[in-house]
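Across the two complexes that follow, chain A remains constant while its partner is chain B and subsequently chain C.
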Partner chain A sequence: MSAALQFAPAESVAAEPVDLAKPVPDLALEGIRKQFGDHVALHGLDLEVARGEFVAVIGPSGCGKTTLLRIVAGLETPDSGLIRVAGKYVADQPVHKRGVRLVWQNYALFPHLNVRKNIEFGLTLQKYDRKTVNAKVEQVAELVDISSMLSRQTTELSGGQKQRVAIARALATDPEILLLDEPLSALDAHLRIRVQGELKRLQRRLGISFVYVTHNQSEAFSMADRIVVMNQGRAEQIGTPQEIFQSPKTRFVAQFVGMNNLIDATVLTAQPGFITATSGCGQLSARIPPGEPTPQPGAAITLVVQAAKIRRVRAPDRQENRISATLRDREFVGSQVIYYLDAPDGSEIRVVVQEPFGNLEAPIGAALDLYWDFDDLVVLPREATP
Partner chain B sequence: MTMALESEMPRRRRDPLVLLGRGYIAAAFVFLLLPITTLIIFSFQKNQYASIPGQGWSLRWYEKLFSDGALVAALQNSLIVSPVAATGASIIGFFAAYAIHRYRFPGRNLLLTLIMLPMLIPALILGIAFLGLLSRFGLEGKWYSVVVAHIVLVTAPAMAIIQLRLSQMPASLEEAAWNLGATEWQSLTRVVLPFTLSGIAGGWLLAFTFSFDEFIIAWFVCGFSPTLPVSIYAYIVGSADPSLNAMATIIFALSGLFLLGVELLLIPILIRVKPGATAEEAPH
Partner chain C sequence: MSSVVARPETKRRGANLAKWISIGVPSLFFGAFFLGPLIYLILLGFWRVENYRIVESYSFDNYIDIAQNLFAGSNYGYAIAQTLYVAATTAIAAVALCYPMALAIVFAVPQRYQRLVVLLAVAPFWTSYILRVYAWQVLLARKGVINAALSYVGFNEASIEFLYTQTATRIGLIHYLAPILLVILYVAINNVDRTLIEAARQIGATRLQVLWRVIVPLSRTGIILSLSFSALVACGDVLSGSILGGGAGQSLIGKLPLFADMIIRAYTSSTNLPNTAALAILLVVIMLLILGVAYWLTERFRINVK
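Here is the complex of A and B:
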């Protein structure tokens, strides 16, 4: 008894000083590393998710995004690194004690239980009386609009309905954080877009943090407050959808997100905030945003320009960022057209035009003059290309 | 005209083959079922010896069977031994199958082999070995001697069925239970066990059938508590009368009932397309 009392103050001293000005993040990952055999799934990943934030993790297959979710849920143990959920370190807590809930890609509904029993599963493990359980089940069922299906078997549900049940089941126990692993990938395209909107509204209404893993960019961009772009076990860039889309920070992000043209170049002249460079496409100039370092003359850089920012010039009034390219192919994608052109140095330039048969329309093989504004160029240091 | 004839040619040529095939199937069924049918018919006949049916029906062999008592007592023994053995085998089989399904541990293959081994050893050798072992502990010659020996034997088929069912369970199901706050034990009893229940029931029935039929091992270890197959053997050695037919009819009815149960529970598992195939998470 006395021993226990003596330990109490020692513990509070050992606790880290709390900075009251800074809100405690819902989820904080520091240096998470995980290796499966020879394959390094995560190379020391850092991430903070603020309360009520919707964070999407995107990346190609095998980039470690699902491993990241499983580590937060406790289904995998990291080789090193710290995980805090609502300020508490949880790395050595077993799965069932963590306040995070996962929504599986395949929903993982219990086939022997009906919808109601599935939703109340987590609640019945705790000491709640029947009335509380029923009230909670009805509350979350209404939230995801499945109140009329509570007595159905899960096998009688459509994909979209199963998904709602999976979310309701996860929400029933009031999680701190909801983790979603490609929850919409099994739905057809129409339904997916509708559910995207519903999920986002649900998340705003509940005010709990969502960590949402997907390989679908448009899902991430339409829902997330912040996006983590992952590649080969590393977070390449973390930022708002706008930042990721407009100012990619690495070559990978520029290639993975949206549709960008990457042009390797060498800096010719540099003034604060403005550079000119030579490339296989001719001389190009770009503005350096304030706060970013201006590369020195002679430095190897990669220039990134969005396919949608390239225009065709007919009159020879524009001189900067002007190149001549040969139209090779065109492709209609819904309401827009993608033009594929060959630059003078043989590299491919892609141009997206929103209005079909717009001013880029020309016979295949025609030479077109293209230009873009120097504000639309993003300058990256050249990486050793793999 | 000629075209039509040509197109009919292959079918006409196949017709005798189809007939032949059907005849073959019918012959096979007659071959399989005729002995059982005659046995059932003879059990209801008046005559002591097998003769052409229709010379009078009676239930006297059933009366003799029940008044004599030896075979009925053996049937009672069997109806205790086999369910107990099947239950023991199902419990051991479930936990072994779960351990093998869930964990990768050293000796995993060894465990699997050890459980399957008794099915591969000739029953004669197993019977002698069990007699030697059980008598050393003073456990021979009792009904539970047969139970112990039969559990060792029939755990293999029970586990095989349970394993099959477990392999249909996506890993995410158990993970989901833990994620919702269930301990390992809670997820085992609330998710894994209900999911596997049909497999356990099927495994139990199969184990029961194996144990109920088993003669050689039981003959070695049962002593003065013979199970039914042992008792029938003793009866044949002494005398033979249609009481045996009556007993066989009863067993046939019972076995038929149980096999029907096995089929009803097993076939849905066996023909079911693995649900995990689409549900399994793609590696990311």
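Here is the complex of A and C:
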């Protein structure tokens, strides 16, 4: 047993039988709770990050994602909860011995040092000889492609270059986990797309875990292996981008991720794997994926359908999941068009059509028949709307 | 011309007027109360005294006289050396004392009490400098409070000679400078970006390493400013040197007077005002040199924070 394990409270070690077959996660958070005054920033958060995994934490501002990152980085102490990095409890370890490095949103490069001195900062704090330090600096500089800029002042660099220096500085001390706080928010749009790809490739090549905090969904979806959607100090859903996108587990996730229509309904009939329900938009039917509980008749549910999954019917051949709505407005955003329609009960239905001016094109005020497949409906238990 | 075009014209003229007033008024004030007397002092340094009367005839006689008396006669050179030595050591000691205190205010005092603490630290500045100097005389005298306390504790024979040494001069100067340095250093340290401190900690710096490798380098402009300000004040000050230092107090380099003290003695005792003016100009030149070095250092070590 490693010496570091002794720091763990006795009960948590006893409660958890050691499974030797299970790989040790790079990062394990158990019941992390943090309160600032009256405001609870994190309500007992659990998260495991496997070795070499790219995890993105998304959520609206104030959801606790930055607090989470700062706690993992060791810059804040949780009120309760346990943190393990590569299997070792880190609560009693000084910040820098945790094997976790943070890349700041504003890069936090030292303005009094040039690029080389910035990168080697962490190495020169320990007793490495000059040769080792230089070799390491050149290695990481090569990795992020800034070898030609080592003698420059940090003020002479562009935003993207500064970020590479910040990453190189973090990598120089061989971290187990790299934490990134909104790393792309200070870059302009087209650079952001390029850096996204570079970051992902860098992470694959290094094989270390990245925990990436952002409020930008498309960043998270394009890079992450898994996504944590946070809201008000809780992890609403943790899953692959596909899971999060296609089967949101809570009302918040359904509203926050992608563009979904949420329809409140009441279950009418229920058979295993299939339900029908009544709603303000008429009668709707949905398939329940295998393994998930089928709600009973009378249960209050929320049905979620992606805006991109709604189609227009021209002939009256389909009867299920068919509603008629009035076209109120349309918004043309580059490659796609968003249509805003009023459902019979007055609620808004949004439809996204990839092909501009395609089959949904109609004058404003026109009544359109819409339908979607029952496979495309996600069924959520109704939550008390705040 | 139409009014549409004329409008911005008048606006610009108004802005121009405001600009000239805002530059002109301080310039007039500066010219009348600083530049004027200084020019008069410079001119005076080139005049001479005949039959107890000042004669406006230009020559370098006063400066030649000073040069001849640098290491002979009046020994101005030794006094200048003493002044530079006392000024340099005072500046270093003052910054060494005030920096940790400013550091403590920035990092140990909660944000909302910091202004209050700085205000309290500056409070001694509101009392008269001469009063403070006399108070120090009471404390530092041979039978003064400090020595009395020492003998009370049992060091009967160890009456320490504080008063009328340059150590006492430095104590008086540091007490005078501390409030100002605290404000300068507080601002300098407080301006260090906290994320840089966190970043250094995160990469593995101990608290001491953060201090030496991040906070001190990033507040170095404030340090240079404090050092030069202290040195300049110490060069020009007379009160501490004469009342606490006794005019020619003992220091490591000898029992020598400060140059400012010599000037004030020359002013009060001699009738040769032009010669005294020349001495004063020499001190001004020395101070300008210190200022020049400070400026060069600030530029040399400037940090581009952008």
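Definition applied: the second predicted complex is superposed on the first by the 368 of 386 C-alpha atoms of A that agree within 3 Å, B and C clash if a C-alpha of one lies under 4 Å from a C-alpha of the other, contacts with A are read in each partner's own complex, and residues count from 1 in each chain.
Basically, contacts are C-beta pairs under 8 Å (C-beta built on N, C-alpha and C of every residue); 3 or more make two chains touch, one makes a residue touch a chain.
Predicted model, so just to flag it, every value in this text is computed and none were measured.
S.K.: Once chain A from each complex is brought into register, does chain C clash with chain B or fit beside it?
M.R.: clash
S.K.: Examine A:Asp181 and indicate which partner it touches, taking first as chain B and second as chain C; both and neither are also allowed.
M.R.: first
S.K.: Which partner chains sit in contact with A:Tyr340 here, chain B, chain C, both or neither? Use first/second/both/neither.
M.R.: In the superposition, A:Tyr340 touches no partner, neither chain B nor chain C.
S.K.: Quick one: classify A:Val95 as touching chain B (first), chain C (second), both or neither.
M.R.: So A:Val95 meets both chain B and chain C here.
S.K.: Just chain B (first), just chain C (second), both, or neither: which does A:Tyr128 touch?
M.R.: It touches nothing on chain B or chain C.
S.K.: Tell me which partner A:Thr173 touches in the superposition: chain B (first), chain C (second), both or neither.
M.R.: Touch partners of A:Thr173: chain B and chain C.
S.K.: Considering only the touch criterion stated at the top, classify A:Gln153 as touching first (chain B), second (chain C), both, or neither.
M.R.: second
S.K.: After the superposition on A, what does A:Phe374 contact: first (chain B), second (chain C), both or neither?
M.R.: Neither: A:Phe374 stays clear of chain B and chain C.
S.K.: Count the residues of chain A touched by chain B and by chain C, then name the partner with the higher count.
M.R.: Higher number of touched chain A residues: B.
S.K.: Let me test your reading of the model: by the given contact rule, A:Gly64 touches which partner, first (chain B), second (chain C), both or neither?
M.R.: A:Gly64: touches chain B, not chain C.
S.K.: Take the contacts of chain A with chain B and those with chain C, and give the residues found in both.
M.R.: Of chain A, residues 73-75, 95-97, 101-102, 104, 106, 108, 110-112, 121-122, 125-126, 169-170, 173 contact chain B in one complex and chain C in the other.
S.K.: Enumerate the contact residues on chain C facing chain A in the complex.
M.R.: Residue list for chain C touching chain A: 193, 195-196, 198-206, 209, 213-214, 217-218, 220, 303-306.
S.K.: Quick check: in the complex, which residue numbers of chain A touch chain B?
M.R.: 61-67, 73-75, 94-97, 100-102, 104-106, 108-113, 121-122, 125-126, 169-170, 173, 181, 213, 215
S.K.: In their complex, what parts of chain A are in touch with chain C?
M.R.: 73-75, 95-97, 101-102, 104, 106, 108, 110-112, 121-122, 125-126, 153, 155, 169-170, 173
S.K.: Inside the complex, what are the residues of chain B that reach chain A?
M.R.: My answer: residues 170, 172-173, 175-183, 186, 190-191, 194-195, 197, 275, 278-284.
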